[in-house]
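Listed next: structures, encoded as structure tokens.
Here subunit A shows up in two complexes: once beside subunit B, once beside subunit C.
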Partner chain A sequence: MHEHNGSGSPSFLARLGGIDRRWIFLAMGLSIALPILLKLRFPEYPGPMAKATFDAIESVPEGSTVLVAFDYDPASAAELQPMANAMVHHCASRGHKIVFMALWPLGRQLADKAIEEVLLEFHPGLRYGTDYVQLGYQAGNEGVIKLMATNVPEQYKTDTKGTPLASLPLVAQIKSTADFALIASISAGYPGAKEWVQFAESANPEAFKLVCGSTGVQVSQLLPYYPKQLDGMLVAVKGAAEYEMLVEGKYPVEKNAERLGQGRVRMGPQLVAHMLMIGLIILGNIAMVAGRSRGGAR
Partner chain B sequence: MSDHGSNEPGPQVQAPRKSYRFLWLSLAVLGLSVFALRTASAAQAQGADPAAAQDLWKTIGIWCAAFMTLGILSFLYKDNPFYKVCESILIGVSAAYWMVNGFWSTLVPNLFAKLAPTTVREIALPDLPVSATPGTDMALAFVPLVLGFMLLWRLAPRGGWIAVWPLAFIIGTTAGMRLVASIEADLLAQTVATVRPLVAFDKATEAFDFWATVGAVTSVAGVLSVLTYFFFSVEHKGAVGATARLGVWFLMITFGSAFGLTVMGRITLLAQRFEFLFKEWLGIV
Partner chain C sequence: MLQRTIPIAILSLSGIILMLAYFSPLTTSWGETVLGWFNVLAAVAFVLGAGNLLRVNLERISAQRSGWAYSAITLVSFFAMLAFGLLKLGAVPSEKHPDKHFAGAYEGPTAPYGWMYEYVLSPLTATMFAMLAFYVASAAFRAFRAKNTESILLLGTAFIILIAQTAAGMFLTGWIPQDSVFAFLRFDSMKIAITEYIQTAGMRAITIGIALGVAATSLRLILGVDKSYLSKS
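What follows is the complex of A and B.
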């Protein structure tokens, strides 16, 4: 039922309340597509959590062994791959040795992608086995972390190439998670950063630094752990963009820099889409209040 | 855009349906034609350049991905055959993927490789390391094997109660493992993190830190008021009621921020799909 103005046609607010939702879908699509087509970029200012993550990796002595867990799959790669790329480049630039692993089946492929497109692209001198190792995926969810907290070789007998861990200099001496200087979980849910806090950090609270990158959906579950149990946290694509600023500021690359700027690219659509959404929420509420005040609310 | 959700029978409804069928058919023909042209040009290039063989398969992959993306997004306009096809493919591929993944990442390395390591090494995992204690491994592997068969027994017409025992084992071990971790990481550590000075000072200058103090007070007030809201042994009246209402405010703000973060995530996913369409599929960015 539409309310009418004096001329008999529905008023603007009444028509707004009954608008076909596909117009809203179209507007949202355009608000995301246009900034991409026009390559809109906005300045990012690193927040405290992105700085804490950056500082945690910086504070670990050069040459330390760090564990990066790719606990996500392609469904969350849009949010998490940018921060994973920046983190891999950061660790390698800082001189850390990187051990890759995954708690999600397709995390291994995403780790391989980061190794190929970032690690070997920007740090071609790194050698497998001494500078980085890919352990891959193991089934078992939090059980994997629990066993790694006490016995890494029991959980991972070989790397993804089938080489025994004892034959790889980087991980030959690794006995438990306490032997890593820093653990980073790029996490999209279960199992992920929460399980790393519960089963690794609580088992050895002072043994290593623990940082995480998280999807927006999961952040509210992880925020209570920061800063006591998580030394740093990257919050969704916004955190990725801020972290990229910090990493590229200190460790710039000469070519293919766009591989370390995906988070910032995706912040353009974020801004426009959020503006549209805020506008729609305000308009929707005005229409609702106006409808109620005239007794025309449905 | 007109609304096509009318349920009224008669010729007025049939005509638009036919026109939409024609629209979907036209889109399909157009898409397939362009896809065939692109594939043909890539295949032609393959003859001149051997490296173009990879491009051919990449072209096919990109077009499949673009078709899937547009097919799923087309549901925003209305339900249609493209969406149905893409949805069915997604469900089928996901089910098959998880089944194969479960077989190769769990059953083969954790069960079959311990029961018959030599056979598994010959036919499936040539890099399977040689165990120092194969006998013990095999004996231990019989436990999950038996429990697994017991779990599947619920599919049998009789003796469904047998499946209850492995279920009890799963629930018991999971609860035990998670209980300790939750108490340590969530209850105790979070309590310690909450007990902190309400008046904060800067660590370097030892000057009064206003915003850190606001944060500390807000944090403690939030915890206490939300706990009060979930405390149902006392009627929510007077001071208790006021504190509980404050807790509701904190909860609403939390839900709002969680929703905002979820929206941010969803926008990112759509942005990434548009990036793919514009950059890899159309090549206009």
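What follows is the complex of A and C.
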């Protein structure tokens, strides 16, 4: 329903309000594609949550055993894999031993990817079984966490290769989640960081540090737990980019550094897309107000 | 009679054991046994899920209902992945046991299972998620209107968070010293104020409410007062 000016043709603002949505799709496509193609990078300033996450991993004594849970699937990988990569590199650079696991069926493959593209790429001297172990996925959601809180070998009898945990020096002595110095959950929803707080942290308060990486849409559910139960929290691509700055600042890599800078790469499109969203909202409201005033004048 | 009594007894016993296990170290091993059963049941639920997937999609194909071709694609994909995974079709032979087919690796991109994951499943799921950006942009243009006080507050909050989540926030207000009286005008400060005070306060209230509701519902189930989860037949 178009507004018309005195000459009978629709006004510019009325036409703006009824714009074909394919133009909006095109604008959004360009706002994402152009910064990627032009490799636009913007400076990031680490916020308190990214600093808290970095400090939590730094505060754990060198050589500690940490658990990293990949609680997401490929749908959220664009948002979460950059922070997972940076966290794996950070833990390995700090000298921590890493135990990988997943509460989501496809999380195991994403952990494998981080092992292959980050851990073995930047830390080729690490050995499976003594420096890192992949436990993989187990069904049971929060039941898995609850059982691990008291008895890890009961929940995970073998690693993903079928090797008994007792044969792997890194995890042979692990009895419960309290034996980890730090637990990190990279989480896209249920089960994830919230369940780690509710079933692991609450069972052994103060026994280990708990940090998480979260998608933007679920951060509201996790905020009540920070900073009391969650020692650190990385929120969405912005959190990943800030954390990457901190990790790269202390533990720079010589080659293939772009693998640890994917959060900052994604911040370019995010900036332009957010500005487009704000512009579209303002334009939509201008069109609404113009339409009302013309309607009232008649 | 037994159809209702036995499930209620199992639920009540499991619930009581898990509660005791949380408070008493003496019953920790009982709790672990119950959790072991729970996790086995969770794995069996995948089989039930697969059965339901088959039933629903076969019914649609059989009745030639609207979208039956999608059901056919779903079933073909399901059986293909099942075969690639269970039978380890095209698995890369193991170095230790090259003569044992089932010792081979099937997750890598050179095996069909890994290839399907890497080049079909991952891009498709990522694409579905990425398409949200286009629909959100269109919806924001058409529906995000400052019609009343509540929507103006919502719009203002959205603008602050949208700007603060990018480098634009620091570019526009980063020059305001953090220790000055105008520091609250910095986008990063406003974002922290919104998330830590307003959002967290609201979520804490909701979380506590949900927790009380979960505790009450759990007690009703454990005590056998609520039997709605049982089949009516």
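Throughout what follows, the second predicted complex is superposed on the first by the 293 of 298 C-alpha atoms of A that agree within 3 Å, B and C clash if a C-alpha of one lies under 4 Å from a C-alpha of the other, contacts with A are read in each partner's own complex, and residues count from 1 in each chain.
The definition used in the following text is that contacts are C-beta pairs under 8 Å (C-beta built on N, C-alpha and C of every residue); 3 or more make two chains touch, one makes a residue touch a chain.
Predicted model, so just to flag it, every value in this text is computed and none were measured.
Of the two partner chains, neither subunit B nor subunit C is touched by A:257. By the touch criterion defined above, A:39 lies against subunit B but remains apart from subunit C after alignment on the C-alpha atoms of chain A. In the superposition on chain A, contact of A:137 is made with subunit B only, not with subunit C.
Legend: residue contacts after superposition of the two complexes on their common chain; A:146 is shown touching both subunit B and subunit C.
By the touch criterion defined above, A:78 lies against subunit B and subunit C together after alignment on the C-alpha atoms of chain A.
In the superposed model, A:164 makes contact with subunit B only, not with subunit C. Within the superposed three-chain model, A:236 lies in touch with subunit B and with subunit C [touch as defined at top].
When the two complexes are overlaid on their common chain A, residue A:228 makes contact with subunit B while staying clear of subunit C. In the superposition on chain A, A:265 makes contact with subunit B only, not with subunit C. Touching of subunit A by both subunit B and subunit C, each in its own complex, is seen for residues 25, 28-29, 32, 75, 77-78, 138-139, 143, 146, 216, 219-220, 224, 236, 238, 270, 273-274, 277. Across the complex, subunit A meets subunit B through its residues 20, 22-23, 25, 28-29, 32-33, 36-37, 39, 75, 77-79, 105, 137-139, 142-143, 146, 157-158, 161-164, 197-199, 201-202, 215-217, 219-220, 224-225, 228-229, 235-238, 265-266, 269-270, 273-274, 277.
Residues of subunit A that touch subunit C in their complex: 19, 21, 24-25, 27-29, 32, 42-45, 47-48, 73-78, 106, 109, 112, 138-141, 143-144, 146-147, 150-151, 154-155, 203, 216, 219-221, 223-224, 236, 238, 267, 270-271, 273-278, 280-281, 283-285, 288.
Only residues 1, 3, 76-77, 101-102, 105-106, 110, 126-129, 177-178, 181-182, 184-186, 189-190, 192-193, 254, 257-258, 261-265, 267-275, 278, 284-285 of subunit B touch subunit A when the two sit together in their complex.
Residue ranges on subunit C touching subunit A, taken from their complex, read 21-22, 28, 31-32, 35-36, 38-39, 42-43, 45-46, 107, 117, 121-122, 125-126, 128-130, 133-134, 136-138, 140-142, 144-146, 155, 158-159, 162-163, 165-168, 170-171, 174, 188, 192, 195-196, 199-200, 203-204, 207.
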